[in-house]
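Order of writing sets the chain letters: A, B, C, D and E. Residues in each chain are counted from 1.
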Amino acid sequence: MPKPKVAFYWCASCGGCEETVVDLAEDILGVVEKVDIVLWPVAMDFKYKDVEAMEDGSIFATLINGAIRTSEQEHLAQLLRRKSRYLIAYGACAQMGGIPALANQFPREQVLRFNYEEAPSVDNPSKTRPQTVVEDNGRRPRLPAFRNVVRTLDQVVDVDYFIPGCPPTPNLTKAAFDALLSGNLPPKGSVIAPDVALCHECPRKASKPTDVAFTQFTRPHLTLADPGKCFLAQGLVCMGPATRSGCQAACINGNMPCTGCFGPTSRVRDHGAKMLSSLSANVAARDEQGIRQILDGIPDPVGTFYRYGMARSILRRRVDLGVNGNGH
Amino acid sequence: MKYGYFPGCSLKGTGRAYEESLLPVLRHLGVELVELEDWNCCGATAYMAVDEGKACALAARNLALAERGGFQQLMAPCSACYLVLNKTQHYLDESPAMRRKVEGALGTVSLKLSRQTPVRHPLDVLLHDVGVEAIRQKVTRPLSGLRVAPYYGCQVVRPYATFDDQANPTSMDQLLKALGAEVVDWPLKTKCCGGSLTGTLPVAGLRLAYLLLKEAKKRGADAIATVCPLCQFNLDAYHDKIAARWEPVRLPTVYFTQLMGLAFGMPAHTLGLQRGFVPLELPAPTAA
Amino acid sequence: MANGNGNNRTSPERRPRIGFYVCHCGVNIAGTVDCAEVARYVGTLPGVVLSRDYKYMCSDPGQELIQKDIAEYKLERVVVASCSPLLHEHTFRTAVEKGGLNPFFFHMVNIREHNSWVHTDRAEATAKARDLARAAIERVARHKPLETKRVPIKPVTLIVGGGIAGIHAALTLANAGKQVILVEREPTIGGHMAKFDKTFPTLDCAACILTPKMSAVGAHPNIRLLTYSEVVKVDGFVGNYKVTIRRKPRYIDEEKCVGCQDCISACVFKQPKFTDEFNEGLGKRKPVYIPFPQATPQVVAIDSNVCLNFRNGPDGSRVVSDKCKKTCVEACGDRNAIDFTQKERFEEIEVGTIIVATGFQAFDAKRLPAYGYGRYPNVFTALEVERMVNASGPTGGHVVLRDGKTEPKTVGIIHCVGSRDKKTNRWCSRVCCMYSMKLAHLIKEHTHAEVYNFYIDIRTPGKGYEEFYNQLLDEGVHFVRGRVGEVTDWAITPEEEGKLVIRVEDTLAGVVRRIPVDMVVLATGLEPRSDAQEVRRLFNMSCGSEGFFLERHPKLAPVSTFNDGVYIAGACQGPKDIPDTVAQAGAAAAEALSLIDKGYVEQEPNTAFVLEDECSGCKSCIPLCPYSAIQFDDARGKAVINEALCKGCGTCVGSCPSGSIVQNLFDDEEIFSEIEGVLAYE
Amino acid sequence: MNKEWQPRLVAFFCNWCTYTAADLAGVSRLKYAPNVRVIRVMCSGRVDPQFILDALAKGADGVLVGGCHPGDCHYVEGNYKMLRRYHLLKRMLKDMGIEEQRVRLEWISAAEGHKVRQVVNEMTEQLRALGPLGLPQKFEEWDREVERLAADVHAREAADAAAACAGRTSAEEVTHA
Amino acid sequence: MKEIQRTIKYEADRVPGFGREVMSVPGCEKLKDCIQCGTCSGVCPLSIYMDHSPRQVMALVREDFKREVLSSCTIWLCASCYACTVECPQQIRITDIMYELKQRAIQEGFYPKRFPIPVLAQEFNRMVHDHGRISEGRLVTKLFLKTKPLEAAGMAGLGMRLMKTGRFSLKQENIRDRGDLARIMEAMDAPASGGNGKD
């Protein structure tokens, strides 16, 4: 029996997810042994043409990481969808937009202008920007179009499973492969991670009091967190209560509060709204001014509650931005 | 303390004595009045009776002048002016259509109404900004033995004033007491003096003035103190007619500011006291 | 489709079979909403197997129609679009249950109060009805079978306020064999009625009809009377209220005092010299006193504010000084009833039902300076005159001027003082026409004075009331239709000298009149007690805009409140006379009785529960519950909701960061489907 | 929709105060704008910010939450919980480009039928002045670039194939959307 | 003996819509709430001279008896003391309604030619319009000459004494920006943006 074909692809991402695959360490050998990797741009040289030439549905499983921002990424997502039996959104960006989706707060034009003109590290006096078609000694190479909206993978193509995390842990990755290869699969659309929030496995759980009432909020760079105590009890926003577990509290163990990369549980439609709801309801003040004062300790609610989930959120994007990038 | 000052037509005419006493008295108390440049007649009650739109615009021009002059507050000593200016503000607040129209009209001569300029009566300012205590301290010749009936008239407390009780105002009572005068309590403090009817329908108008004088006299008053030029005129100018029609009820009627000036030791003639028809006689000062 | 959070439960697997009914409510709904169109539209929605419009759904045939359809069409869910669920949800749930379905497989759509009665455009109203119905169809498909809980009722009733309403309700319940705790703020029960001389229109002596009832309360084995006490805290819910009562120190041991009043005569103050509240300040009393001869309980009280044995403590409160000779203690002798060491005490009681009968307060006549109360001595309030005409009152039944001796020859009674006036109280006080006429009769009887009544309208809608008005006309009392402009001592004519002058337009004769009188009586209106807002909060009730307690329904639930098990009676609900007050007190007692005799209350199963496997134990919800219904289970590291304590607000549900708490009847999917439903129009 | 656009207002009313007030408005026959759709919850504390976002995303132009006055909550202080959420939610919504007036929290007691009318009318007019939020249409509009790409790619592939045959480059340019 | 007059009112005596028109003027709306209690007449210092009491005027307006109201001396006797407005239990602004009725009476010429009060109002306004301020001496002189030329002489004594005390002058006061004032008034006359603002 031929080994099942597997493909990896990356879109708008940092490469961390690819790292995780490599981080499977010796386990990767087990995987490689069982499968036939037909596409893995970050590690091996394959041509798209080879993929295009494949028969539809002939790839057993494709893991795509990264959010979708360019026309090329859309194109490849569509192509790989066609060729694969299982398409898996791998990592926070593919699942929820991830860090790249924070750009959904800004018009496309502003992103381009900053990156090609205004960023302190840029030296571009002629204000050259990438064009989709350029003239180069008679040749006309094409570049992908940069989209207005950052999307999750499943907002572009149909996705079978989601593996969360920024990046997903090797354990989860391995478990996912095991499930795929054994055929012991959860219902389509499942997120392959525990459906309980992080507090469940948090080593600091016992240190959280049952009568928490926030009197002020602080931020990790402004304080030295007590390594033994629940972050929330210290007035640090920790997304743990609203975020799926499965990371084995990696950040917490590094004395950093959870920032929510595993996304919400299946019972929640909007990760940020839920955390916002829980956090603010527990503010101590009763008068409007007191409430305002305490909550002003969270200066950037969007960045705090939707750090990874903007594209997945109910609103998806700053709503006054039009398709031409600059709002109405 | 600095206020824009809107004298109104009467204070330049029949009510000159009010201005003549008001200005030095307030100056003495450290209140600075700056007369509004090129003010016009407030419109009084007559204008309202003909065209309330124009009446509003007329009064509003003064409010706009106050704004242009940079005054935070405007003092209007005449009760009618005080009422009309306040009423205009209420009117403009309640009727957006009227406000648009009036603002448009003022706009044609580059005037605008972008903020509220509170319109204050001297009684209000004296009681709440200066304070009774500060006034008491300035008294050098207390009006001991002078029995004064405080007469507020109608338009200073009705219907817009918020600085005193509408049914039983007491601000002037407090002032007079601070001056050392004896205050005659009477239930006619805010009854109408007859207004402009004394001139147009003397039967009706003068009767009211007569009843006021009669009751004040009956209750033992030596003088009536007023806050309004029309009230003062009505109670002072018609004694002959009243005597002819009913009975003589001669009693001096003076502005409360004149009494203040006297109590502050200012000479009577600098306070316009010589302009009254019925002269005010002060009891001989008793050794304290 | 999956949504990337792993949520693939957005729609139920199979649409249940739904029956839909839209009620015309006569023309109440059908007049504005095209009911047939709504029924037609809803019939096209997925899952709806039956859609009807019907004239009166809440009628018996309407309910039977539902039951029949459930059987015939094998309905699994029912939606009725009619009036407010607060009115008929229970009716239809019962009908659904009788039809063989779980009663919570039902949802109600409010297209009357929220639609036909508040909108005018037929097309818009019909569209709105469609939207609301669609939302209900979406929602009801997700309903789960639920069971109501039955909670036993403590067979004890708390009655707050010992006026005629509280007294009557207490006796009604106690005579039915139920336990009653009656709390009264003053040292005696009796309320306003105890101050009255006669009652209109029959002119019964108030004391003759009230005091036997007061004694009956004092003696009844089923009534525990707590006077000089106030309710300070109410916890719990219908059937099981925990109420904290503050018992103010009266410095008398109520058990030991026999009401001999020897202490009063023995007091070091030989003459009474302190304001006697019971007599509206017209009389005087001593520091140790009994409010009036028939006071119940027959126990004296010591007023620490004026008693010589007290002084001001450092915090302003009164503390025992022990400076007095204490002749009262001496007089009490062996009975030892006087106890200067008494302190304020708090007592917690448990009751199942509560009747609030806290009454009214009379309008403060000083708020209308034009009538001169407080300025002119001979302007009186009606209550003052009421005490004066009373034989046991401060003047021994003589109506006299403030000098205490002169009888008035002319009296003007001004109606509507602090009533029907937008500057003070805009409502009609309902009793002042009648009591003014009663006082007119009594004043005339006592003094033979000329009596003028100044009124805006004479309102006599009661049994025997109009006849009483006719009697007064016969007696020669003047009735001048006109609201008095002012009362003044300013005399213009000789006959006005030394009198109070009433200036009024006689609107029937069409002339303005000045009428000199010796005495002016102000018929002050009734208004909510100044602490009505605090009392309302205490018992979780609502107030109408004028500040009287709000009944659940003005016609169908006039003594119920929005808080189950709490009833209102008497003038705290709105101005009313004694017959209506007593009737209402009886009604409130009957409501309490019917609950007690039923023995239990059914609780709406809208409680919340924690999904045990899904809860991460983050503890965020625990401090949010005001009833401490959420506990942290240390062993399992999860939150647990005690269903018995949960009141079903859903705050924890809306706040659970991982969506692991569910509220019955209001779960997330039900609400999301409703949102989608109201917005998903073509 | 060929009818003139009408603002859509979704309201979450607490059972004890505001829903009852709306009933009272009905009993009193107070007329107000028909643009509101009321969803009953037991307490304003039940109003999950997700509901508000979801309503906006499903096509509401504004969301009104009605609860008991502070101190009057039937459940002691559910309304305070909502008040706290409201503050942070409003800031979040502002950062997401949603106008201040689209989401409003009001305390309306059972006796304030007139306030229901006033608030609903006021908000309806404010929404009318703001114009449609139109999120469902926006989502569609935003996603059109993806659909267009699929078509563009398709066309280009065909053109490339043709060009390769003809030995010249495609003249077609993909414009920035 | 008094002459007898018909007092019954027929429907033809009404001018339907008059009441509604008055009640639509800002400030006059609450007239519809009148409960005919008579407080206004009770407090009115001039009510004793009125042919219709203020209360009756309210009723007549509401029932469209335009002629009776506009020809009534009541509206001219109102001295604007605002006692009725302040005391009215229905918060009807009776003084403002009186102003409104005065305006209508002037517009429709409903008063006797030499009746002094409207003449005063008009003379007053003319003077303000032309000069910006009132010169009381001139105004009073004009008024008497126009309405009671015979009595004017009788007033001379008062005038002389006022002059002696420096309170009477025939000098005309003027404001500087009379042109501005005229323009403002002109703009108020322009029908463009909503007439007189009453709608």
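Here, a residue touches a chain if its C-beta (ideal position, glycine included) is under 8 Å from a C-beta of that chain, and two chains touch if they have at least 3 such contacts.
Owing to the predicted nature of the structure, the values given are computational and were not obtained by experimental measurement.
Touching chain A and chain D together: C.
Relative to chain B, the chain whose mean Cα position lies farthest away is A. Counting C-beta pairs in contact across B-E and across A-C gives the higher total for B-E. Each chain gets a centre from the mean of its Cα atoms; the one farthest from the centre of chain C is A. Computed centre separation for the pair chain A/chain B is 76 angstrom, with centres defined by C-alpha atoms. Each chain gets a centre from the mean of its Cα atoms; for chain C and chain E, those two points are 50 Å apart.
Measuring from the averaged C-alpha position of chain C to that of chain D gives a distance of 39 Å.
Multi-chain contact residues of chain C, defined as those touching 2 or more other chains: 370, 624, 651, 654-655, 668, 672. Listed for chain D are residues 45, 48, 50, 54, 77, 81, 85, each touching two or more other chains. Contact between chains, per the stated criterion, is found for A-C, A-D, B-C, B-E, C-D, C-E.
Taken in their complex, chain B has these residues touching chain E: 9-10, 12-17, 38-41, 43-54, 56-58, 61, 83, 91, 94-95, 97-98, 100-102, 104-106, 108-109, 111, 154-155, 158-159, 166, 190-192, 194-197, 199-201, 203-205, 208, 237-238, 240, 274-277. For chain C in complex with chain B, the touching residues are 369-370, 375, 488-490, 492.
Chain contact summary for the complex, chain D toward chain A: residues 45, 48-50, 52-54, 56-57, 70, 77, 80-81, 83-85, 87-89, 91-92, 95-98, 133, 135, 138-139, 141-146, 149-150, 152-153, 169-170, 173-177.
Every residue of chain C that touches chain A in the complex is listed here, in rising order: 1-9, 611, 613-620, 622-624, 632, 637, 651, 654-660, 668, 672. Interface residues of chain A, counted against chain D in their complex, comprise 71, 74-75, 78, 105, 132-133, 139-140, 142, 145-149, 151, 155-156, 268-270, 272-274, 276-277, 279-281, 283, 285-286, 288, 291-292, 295, 298, 300-302, 305, 313-324, 327.
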